[in-house]
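The same chain A turns up in both complexes below, where it pairs with chain B and then with chain C.
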Partner chain A sequence: MDHRLGGREGILNPELRSRLSAIGLASPLGLLLLALLFVPLGIGLWYSFRQGSLYGISGGLSFDNYSEVLGRETFWKAIRTSVLFGLATAAISLVVGFIIARYVRFEKRTLAKVAVAVVLLAVFGGYLVRIYAWRTILGESGVINSALTTSGLLDEPLSWLLFSPTAVVLTLGSIYAPYATLIIMSGLESVRDDEVEAARDLGASPFRVYQRVVLPLIGRSILLAFTLIFLLAAADYVIPPLVGGPDTQMVGVLIANQFMATGDIPLGAAYGFVTLLLLVFFGTLIWAAMRVCGLLPKGAR
Partner chain B sequence: MKPSKAPQRHPFVDDPGISRAQAMTRGAFLRRAAMLGFTVTAAGSVLAACGSDSSSSSGNASAGSLEELGQVGGQLQILTYAGYEGANAIKPFLKKNGIDAKTTFINSQDDVSTRLRSPAGKKADAAQLGVAQVDIYRNLGLFLPLQKEWFSNFDAVEPRFPKLTENEDGTLTSMPFVWGSLGWNYLPDKLEPIESWQDLLDPKFKGKIAMVDDPVSSIQTGALAVGVKEPGRMTKDELAETKEFLMKVKANARTVAAWYGDIADMLVAGDVWCSFQGWNAVQAFAAEKGGVVHTGYPKEKVVGFVDTFGVPAESDNPATGVAFINEMIGKKMQTYVGNDLVSGVVRLDVVPNIKGLGKEVFNYNDFDEIFNTKLNFALDAPIEPDGDIATHEEWITAWEDVKAS
Partner chain C sequence: MARVRSVSGKALLLLVLFYLALPVLVVVAFSFQEANRTGLPFEGPSLRWFDLVVSDDAFRNALFATLKVAAAASVTATAIAFLGALATARGHLPMPGVVRGAGLLPLIVPPVFIGFAMLIAIDEFNITPSLFTVYLAHTLVTLPLAWSVMLARFDGFDFSVEEAARDLGAGRLKVLSRVTLPMTWRSIAGATLISFAFSVDEFVVTNFVIGNENTLPVLIFSRLRRAVDPSINAIATLLLLTAILAGILAWLVMRGGKDEEPDFDADSNGAVDRPAGKESLVV
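Entry: the complex of A and B
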């Protein structure tokens, strides 16, 4: 081996060879990202500075679209709704995911494969089917209200269960909680038993064990699950019209309207980029908050 | 709406008992004869596709431009709502003419706008077009002007429908094949019919109304409600007044439904008691689920719609697109439209074939009255700025503000 590589070793030191090798291995993925993510984003960014309508895209470059987006009260209201729903959904999904993953990891390891299968089944279940299932459950003549009224616990059905922010967050949570469960299960797999036992041996209470050992060890998994679900939920534009009430318009609908209803692609692109920047900003805040709370120490897995 | 009896005669033919197809004019006869002559000598397959109502005469091939469209057959790209492609009813026609139909289903007219600007969408051979948008598409030049002579079934179509899509030179931007109205859907066991759209502002409707996320039609209905006679030409001030009215309706609404099918679900489930606005097909959707929903016509009128098919200018197979559209206004497919889609038919000689809900929902006995006194075939707003007239984009922005209010 050394004999065959001898000539090249004279030219390239091991560190450089290692770097070149890593670049070579990563380049197909890099090219794919470039072609499918950065080039379309670049085109979108270019469009966002132009003018458009159903007739097409025209005009020179200007900040007019961004001025319009930033000056619209409706946009800020939709952003606020999106961020609140995104945060609530991410929090609920994280709690549900953590409870399931913790049980499987520390209480019933034998259930791990079954749990993964069940969670995957939920992921593969139809998106719209699950949304309509929630409508059946939460409606005035739905499962919950029927049970409450027929059992005599309530005289009138609860009208706020459906077509309300509660319904939107519940439905979003049911769609995205499986992803959080899978990510946290993966994170908890890397927590070694001896690390937990060492904490207990040192006298830590169960709460303390999770606070000081388990959560910091899976900090990156928590961050990944939270930000992924936050971004997906905040950008959703299918669920709010189907289960939301009159005050649940999210920003995704505004963006879709520009591309579909008005055909103003540049304005839609501007909406998209401002939204992207704002959501990334909120994602960064989440990261910073976790660092401050000690949930994301250096060396966290 | 009370059930109607099947009409005994065509309301627009002078002689009672004579259908429009029977009461053929000399001009119509000559057009058909010329059409048939051309198709027999030049393209047998076109005859098969278009000749279902033609008489067996021959003449000069006056419709030479149809020949330029090419042969009927091969792949047919359709862009339309589910059901409007003809489902199983169209299959014998497709088989007979060797047509392989591929349909791209849309959710709203906006889908068409988006797709027709894409390279693949421009290649469609028959694309759905709402009559409210005809002016827009005419100006965009995206559709092939249709010669009436290309359609052997054209003379049987009730004339007031093609008038809506007629160009200055007598050609059509698109061919109407379905109509309906966006009236007020309500539960008759809970509510009495309203007199005016303004009645929906009454606090008794609080939490009982479902609006629908159909921006253009909602703005049009709102404009009618505040007294605008021609919504497509409303001014910016009138749009502001419309928006204010819609915001007040929304304050009473329980939700803004994603689409009309949702309204039927909500009414049947009792989640809401009425809609702003509705669609007469909601009655049929609700009936399928065991619900009883009625449609009211407030005094300010309701938005009428006509769905049409056009042939995109860059179609690869326009002859087949034309043949398909001709079939859609043929007797068989119009009967399908009335019975299976529970939608309004554009040729009234098929009305006796329409049964059940299709007959009940569309009261053809009062066809004239409905058209003249209850419906407003409102147009969409202009795309380009036009003085003080509100633009399409301003309509959409106003609707977004209403939803966010």
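Entry: the complex of A and C
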């Protein structure tokens, strides 16, 4: 026992020792991120400057891929669509998230527990599964149309339900809104009852309470939810081809196609990095805009 | 007035809950449909598609692959998150803020970028895409979940207990096995189960790195592109069941008390019970 106690204080001074052991404990995390995230992104960046052809990838570095990407009309159209759909999805997610989170936080009823259960069901409840479900719901022989035609309300099925921008945004919203709900729930958690009561006692109407007390207090959560959902939704590559139509080409699809179909990997990498840069730029823009609009005052949580 | 507000608030709530739950309900309901289509009127119930699916070798292989990858990835991610969060919360780590954020990065970088970057790296190092590369990818993308659960746990951890054990002569390993692990096992189990549920469902990154293998989501995707195939409903229902079971288990295990510590401020503000750590999925 004694010698072990002594050994612990041994050669190195205790502070250096505990610092080294902390670094040792955290090193698997660092290695994982390095090997599986940073190195692959770095190699991808390097590839984006190389040339791809049918015969393989040649070594010479140039900006050719980037000028090709930036010169393509389809790319800019896809970016516009992605940003638009990303914003719409983020907005829908915030509204859905706030309605649920508000109820769960301030109304202590059974329905609140049901709401939490539904959100958790949606979070764990299958990405592809739910995309497929929307196809089933909106399709020409799907739930809505077969209900309308068999009940005699319509003679012909509505063909515009599926493969439309509405279908894409509806699906994106149902996939990403549960995450926004979790974020806003955690934000509302930190709003104390006495803060709300104080405002009410001072005569604020329920609307004023939200406007002046609750929303400013959870500004950070709202901002985080909006930006994160925007990024994830704008970069989605699975949903647009499955439920969208000719006008819903999103930028993630352009990237994925380079890797899955066309096979020009360096060009695909260039698509990817331009997109990443643009999305981060738009994300920062949103952040800045909301800060200017005063959605994130001092003391926000 | 107040009554009108509360009724309209409830109606709105039910509407958005319907929006979130509808797709799941539709898939589950139609997996019991007898007819060879997925529309109304509903015929059934029947287990026809489940019979077809469970005797299908492609399904069985994909299910087995999914479980294997999810088990390995969730355990690896949780172990890494456990060690890192322990070090971060103890407070001897340089730049703890950066480390905290870094653990969340794989969640913030949209998965399509992670996917294509990993595909390129795999190609560059001449690795064959396989379930092993899927395992690596899933370890990365489930890490932020395990990370936020473990960080939340260790942020509320009383490290003086560890010190007391060491002063009494316990070695590092003994402190870990007799003090730290018993005090945090609920969060560890919760983090593993949440990561597991996420891995079972992961498709966006998997699709890039899987090569010729199949996991359940990849199998569903390949059948989605064919004509009407109601067996997808049954596969999807079984996939849902797997993920949701893991989710419920995580909720139960993390709800069952904040590990072995007294919970002084339990429900003081009357908030609805939530699993420990859930509220900090985002730090």
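Assume the second predicted complex is superposed on the first by the 238 of 301 C-alpha atoms of A that agree within 3 Å, B and C clash if a C-alpha of one lies under 4 Å from a C-alpha of the other, contacts with A are read in each partner's own complex, and residues count from 1 in each chain.
The rule is short, and it goes like this: a contact is a pair of C-beta atoms (placed from the backbone, for glycine too) under 8 Å apart; a residue touches a chain by one contact, two chains touch by 3 or more.
Keep in mind that what you see is a predicted model, and the values were worked out from it rather than measured.
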Greater chain A contact set [chain C / chain B]: C
Which of chain B and chain C A:Ala78 touches, first, second, both or neither: first
Touched partner set for A:Phe259, first chain B, second chain C, both or neither: both
Touched partner set for A:Val116, first chain B, second chain C, both or neither: second
Touching partner for A:Ala269 - first (chain B), second (chain C), both, neither: second
First, second, both or neither for A:Ser141, with chain B first and chain C second: both
First (chain B), second (chain C), both or neither touched by A:Leu162: first
Touching partner for A:Leu242 - first (chain B), second (chain C), both, neither: both
Shared chain A contacts, counted only where both chain B and chain C touch the same residue: 135, 139, 141-142, 242, 259-260
Chain A to chain C touching residues, read off their complex: 1, 4-5, 8, 15, 18-19, 21-26, 28-30, 32-33, 36-37, 39-41, 43-44, 47, 95-96, 99-100, 102-105, 107-108, 111-116, 118-130, 132-137, 139, 141-143, 145-147, 150, 173-174, 177-178, 182-183, 185-186, 189, 192-193, 206, 221, 224, 228, 231-232, 234-238, 242, 252, 255-256, 259-260, 265, 268-269, 272, 276, 279
Chain A-facing residues of chain C, complex: 5, 9-10, 12-13, 16-17, 19-24, 26-27, 30, 37-41, 79-81, 83-84, 86-88, 90, 92-94, 99, 102-103, 105-106, 108-121, 123-124, 136-137, 139-140, 143, 147, 166, 169, 171-172, 197-198, 201-204, 207-208, 217, 220-221, 224, 228, 232, 236, 239-240, 243-244, 246-247, 251, 269-272, 274, 278-282
Chain A residues within the chain B interface of the complex: 53-56, 73-74, 77-78, 135, 139-142, 159, 162-163, 241-242, 244-246, 249, 253-254, 257, 259-264
Residues on chain B engaged by chain A in the complex (per definition of touch): 108, 110-111, 113-114, 117, 136, 140, 207, 211, 213, 215-216, 250-251, 253-258, 262, 265, 269-271, 383-384, 392-393, 396-397, 400-401, 403-404
